[in-house]
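Two complexes follow with chain A in common, the first pairing it with chain B and the second with chain C.
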Partner chain A sequence: MGKLLQKPKSFYNEFFRSPSPDKLSTHYCPGCGHGVIHKYVAEAMDDFGIADNTIWISPVGCSVFGYYYFDCGHQQVPHGRAPAVATGVKRSHPEAIVISYQGDGDLAAIGGNNIIQAANRGENITVIFVNNSIYGMTGGQMAPTTLVGQTTTTSPYGRNPANEGYPMRMAELIAQLEAPVYVERVALNNAQNRNKTRKAIRKALKIQIDKKGFSLVEILSQCPSGWKVSPVDSLKWMEENQMPYFPLGVFKDVVEQRNPLETKPRIWDKDTIIKMLDLDRQVKEYAKPNPTKDIYEQPKIKVAGFGGQGILMLGVLLSEAAMLNGKQVTWIPSYGPEMRGGTANCQVVIRNNKVGNPSVDKPTILIAMNQPSLDRFEKDVIPGGLIVINETLVTSGVTRDDVDVLAHPFSDIADKQLGTVKVQNSLILGALIKHTNMLDQQAIFDALPAHIKKIDLIPLNKKAIELGFSLG
Partner chain B sequence: MAKEFIKGNYAVVKAAILAGAETYFGYPITPASEIAEGSAFYFPKTGRTFLQAESEVASINMLYGAGGAGVRTLTASSSPGISLMQEGISYSVGSEVPCLIVNVNRGGPGLGNIAPEQSDYNQSTKGGGHGSYHLIVLAPNSAQEMCDFTIKGFELADRYRTPVLLLTDAFIGQMMEPVEFPEPISKQDLPSKPWATLGNPQTKKSIINSIYLEPAEMEQHIIRLEKKMDEVKQKEVLFEEYLIEDAEIITVGYGIISRVLKNVVEDLRAKGIKVGLLRPQTLWPFPEKRLAQLAEKVNKFLVVEMSNGQMINDVKLATNCKPEIYFYNRMGGVVPTADEIIHKIENIMGGNNG
Partner chain C sequence: MPEETELTYPRVEVDFDLCKGCGLCIVTCPVKCLEISPELNKKSYHPARYKGTGCTGCGLCFYTCPEPGAITVFPKDYKPEE
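And then the complex of A and B:
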């Protein structure tokens, strides 16, 4: 019986963190409900033996100084964001007990979305929601839970639904969601209801300990200072004003139906991480290429055509092969106005040393997959450069006579000889490599698996490259 | 390990896991979404947490929780999303919560567009949120540096207990390049964090907190934070120089601009104009001492930015406006070509005022 008379251990005897010279009194006003709620939570922490593992989240409001009182880890957090912070903590330490202790302005106004989303994710946290129908900390302004007609400093003529809408019943709202396990509204108006409050808090914490998921206890709590009534009258005020609008009761309880949540362990084994990150590829040696022209030693390449012609992939495979072949290389996709109208292009710069500007304004090689691409970029190709043309879609020839041209109806060939136009890009790649000899042919084949995610398409692309060799 | 040909944005994801990051929280936004998508793919495969938050406001607060709980954590977003995070970033500084924030800078103000800009320089380097503070700001210019600076970002964040911002742009994020990744860090090599709330008896007294009600106490807290950042200024400045020794004009640019400038330097030197390049790799701390030294012997500087002129003010401050400082910029997602900048420099060196 002696235990009942003691202060819970999880509640500090002296509030050494408070800057007030009085280290024995809380910062709460006389008659405030927070003290009783704090006591119930601290008692539950004692009884479950969880204080050592508890991280208390205090957002902005009267409860901002939770760290003065509770002997556990603390995070003081931005207004309304406690459920988001609690999520970050819990996902980092699933074994910790995380308590989000929030007021009504915090939870229902500024943090409205955060609480709904955390509840909807079923975060395994306990939310203690103190509803006193007012902003206490900032001096009695209107809260989302302020009652119709209630006067506050920001509703001096009384809350008017036509202007401010109606008080929000958060417990009911959250209970509508699928994920939460337990949602109850309780009150501090009399001994019987206070006992229910104590039980509700214990139940909510037990749910978290058992890893069952999200629970929220909404507590109607008195704020004599904000309500401008005496501590004694505040209980009557609660019964006459708060309780008719905010019915008490359990709005959701599916504890029995829920299985404990499972968390996967982090992987720290180095080899497993390397494998999981697809970084376990073997290094291979390739033959030093012997380009047919000096300019192909360090070419700048522009690949252009319609979206869907495999243009970006052509550039990526060429770049990958260049890297395997010991080159420095950059690849960038087209940007801005160039992307409009269904056209796509990418730019590849291959160098022996580090690449500076990855943009290609004056290509050594232009691959024109359609007519607009040739029309647009033909003039930019350097004298002596190469233009690869897909004759299936390019009807006009090259007008310049100072460039090389490699022209075939690549789309048709791919369609007729390989069964699908989709591998036209690999066909062109093969032709380009053969024509320029800029890279070791084996490097091209080895480039395929890193970027073609559908493994069964690799053989066909290989075939297309081989056929391309005969066209170069 | 073998080199991988990879997008800058994906390099961040793999580097983060190799650096021991355990949680990723983020909200999709172009052109940073690949970092979220890559994390959604790779974090669960390595037993780590990926969570798509309800907003950037929630993301940064999840980082606050996770960073305060002692794990390496990151988010990535792009300009408008980073604006939304500013309150949480300020709290993270105030409460000394280490975390890594990646900003793939896009066009602004407002919704702007998804093309590359450097217009968040001021927001990144001058604080960005409320209160007296600076972030450590790293500015990569390659996919390799997207990897390296992600790892470095975590190290600096932990060493100084402060958020680190990786400021990049849509160009660097979308570009693919070969990247050489390091070995993964072992759990035991991660720094211990007795100050964090780890949910164990040893850290029961830990508080993550930014309230100091007493003005004098608050002042002491800010002074302490400032001292920490003074040390950052002394020890962590990073920059790269290219052909600066005999330069008659020094170009200054970061991120993708520095890549264009490298070609400008080479092309103009081929024409006989002695141009050099200074590329800040840390935007805060800014290489102000080095710029001051260079301003003693070189009297022409050209600052090139994809913004309305933000870094140029730091160059002016660092050099005390002693040299002639010229400016060239493009905005809205237009990346200046080497030719445009060459033309500008030829004009300057030819005696025209740019």
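And then the complex of A and C:
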């Protein structure tokens, strides 16, 4: 028997999510190309039997409600971000078929870089790119794909290249990249081209099923409402306006040359994850700390200095040790755009229970590794708090008399007595722990292996911490 | 439209209320066996309808129609189930 052509099974029987009382029709305008394309994708999903395994990424645009219609998994995403979300979805569900369905405003304007990067990474996704040369949903504004001379609400005199640039040929642009496997532009203008569109969609999905990589099908699609023509005239409009500028054809097809992508198996089991994150360490019993002052039991600490002085690491080691010691901790780094030479600081909050606010505006303890840090943060330290000063670089001394001061030329000591200034942070850490007794000293040593990746540097850091104890 | 006493295949069926009267199927049909209905449907469109004869079952109308359920094309050897 010939094929009965009826509503594809991959559509819901009823569009029950739609708020409209009519649960059988789409929300699209009469004659809209989106509906046609939906039908082709649904038919292909039927034929490949993939609906139950498909995750449809709905964009912002007229097709925002894709999830009303297709009987598959869904994620609706912010404007232009479909390729990024599709990437995440595909990587976490490599066996799923992920369709990034996007309009031209979505894909070429706000999401321009998103699509280029996803294509360039060769994500194994299928992008259905619906080019109607306009922002349909918002009432007909100019898109990057709006044609020269085309009037829209935001190009009322017609698009003028001197003012708005030329329409972007996205399929050609994407096809220039190395990674994409298949890029074709098709159109809905006549029966022959609609048939090619159906085939292109199927081919793109098959590529994904075969794990061959990224494919994009750009479809010239009518928007009678935005173009302000009748549905029947819109096909002629497409031929006269879109098609001369957007040539149809295959811009890239390397399917045969490409091997299936290897996807690494997912690791879902708890044990492996615990191992990977190094959470299976033996939990030791540490002594309950006996701080020298009550405020050191749950301190807020700011460590500040030049980038490259080991400031972030000092905070990390302190945080790790505090966690080992049974505390709740947050650590927030903050540094300038430059890795070295700029300023850096980190904020550590140590609590017996949950941390409410991880930012440290009023530190209990300030560690000032250089002069600008002291100048900037001295006034913020709480009365009765502690300022640790690296006298090698801080020459002015503390002006306040309501705080404690622990001052040594830490950089010099590290350089002369330990052979390298690099361990000045561990030296300070040792001094701080000794001075405040806020944590079990053993916890500090035990914190080192998790963060000092070069194992042979651990003994030197231990030595620095021990020397620090004598300075506290 | 005259009532057909016996349905013949191939044939096309347009759902009266699901059609939005865009007319794309009508201009697409190679044998021009679809037309606009003079009546309004419940969405106040003039839907397309089958003239009653001539359909070849080519399916071109189905693939030009944007509405998922508006058009059904029955092939030549279609056996209606009881």
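Annotations for the structure displayed:
Going forward, the second predicted complex is superposed on the first by the 261 of 472 C-alpha atoms of A that agree within 3 Å, B and C clash if a C-alpha of one lies under 4 Å from a C-alpha of the other, contacts with A are read in each partner's own complex, and residues count from 1 in each chain.
FYI, a contact is a pair of C-beta atoms (placed from the backbone, for glycine too) under 8 Å apart; a residue touches a chain by one contact, two chains touch by 3 or more.
Every value quoted in this text rests on a predicted model; they were computed, and no experiment measured them.
In the superposition on chain A, contact of A:7 is made with chain C only, not with chain B.
Once chain A of one complex is fitted onto chain A of the other, the partner contacts of A:435 are absent, as it touches neither chain B nor chain C. When both complexes are overlaid on chain A, the residue A:34 reaches chain C alone and has no touch with chain B. Of the two partner chains, chain C is the only one touched by A:69; chain B is not. Applying the stated contact rule after C-alpha superposition, one finds that A:19 touches chain B and leaves chain C untouched.
Of the two partner chains placed around the shared chain by superposition, neither chain B nor chain C is touched by A:202. Set side by side, chain B and chain C differ in how many residues of chain A they touch, and the one touching more is B. Of the two partner chains, chain C is the only one touched by A:230; chain B is not. In the three-chain superposition model, chain A touches chain B and chain C at no common residue. The residues of chain A lying in touch with chain B in their complex are 17, 19, 51-55, 57, 64-65, 67, 71-78, 81, 84-93, 95-98, 113-114, 117, 121, 264-268, 270, 272-274, 276-283, 316, 319-320, 323, 328-333, 335-336, 355-359, 361, 450. By the touch criterion given at the top, residues 1-8, 11, 22, 24-26, 28-36, 38-40, 42, 69, 188, 191, 194-195, 198, 224, 230-232, 235 of chain A touch chain C in their complex.
Chain C contributes residues 10, 17-18, 20-24, 26-28, 43, 45, 57, 59-60, 62-69, 71-79 to its touches with chain A in the complex. Listing the residues of chain B that touch chain A in their complex gives 1-5, 14, 17-18, 22-23, 25, 42, 44-49, 51, 53-55, 57-59, 61-71, 73, 87-88, 91, 95, 113, 115-116, 170-171, 174-178, 181, 183-184, 186-187, 197-201, 203-211, 213-214, 217, 256, 259-260, 262-263, 266, 333-335, 337-339.
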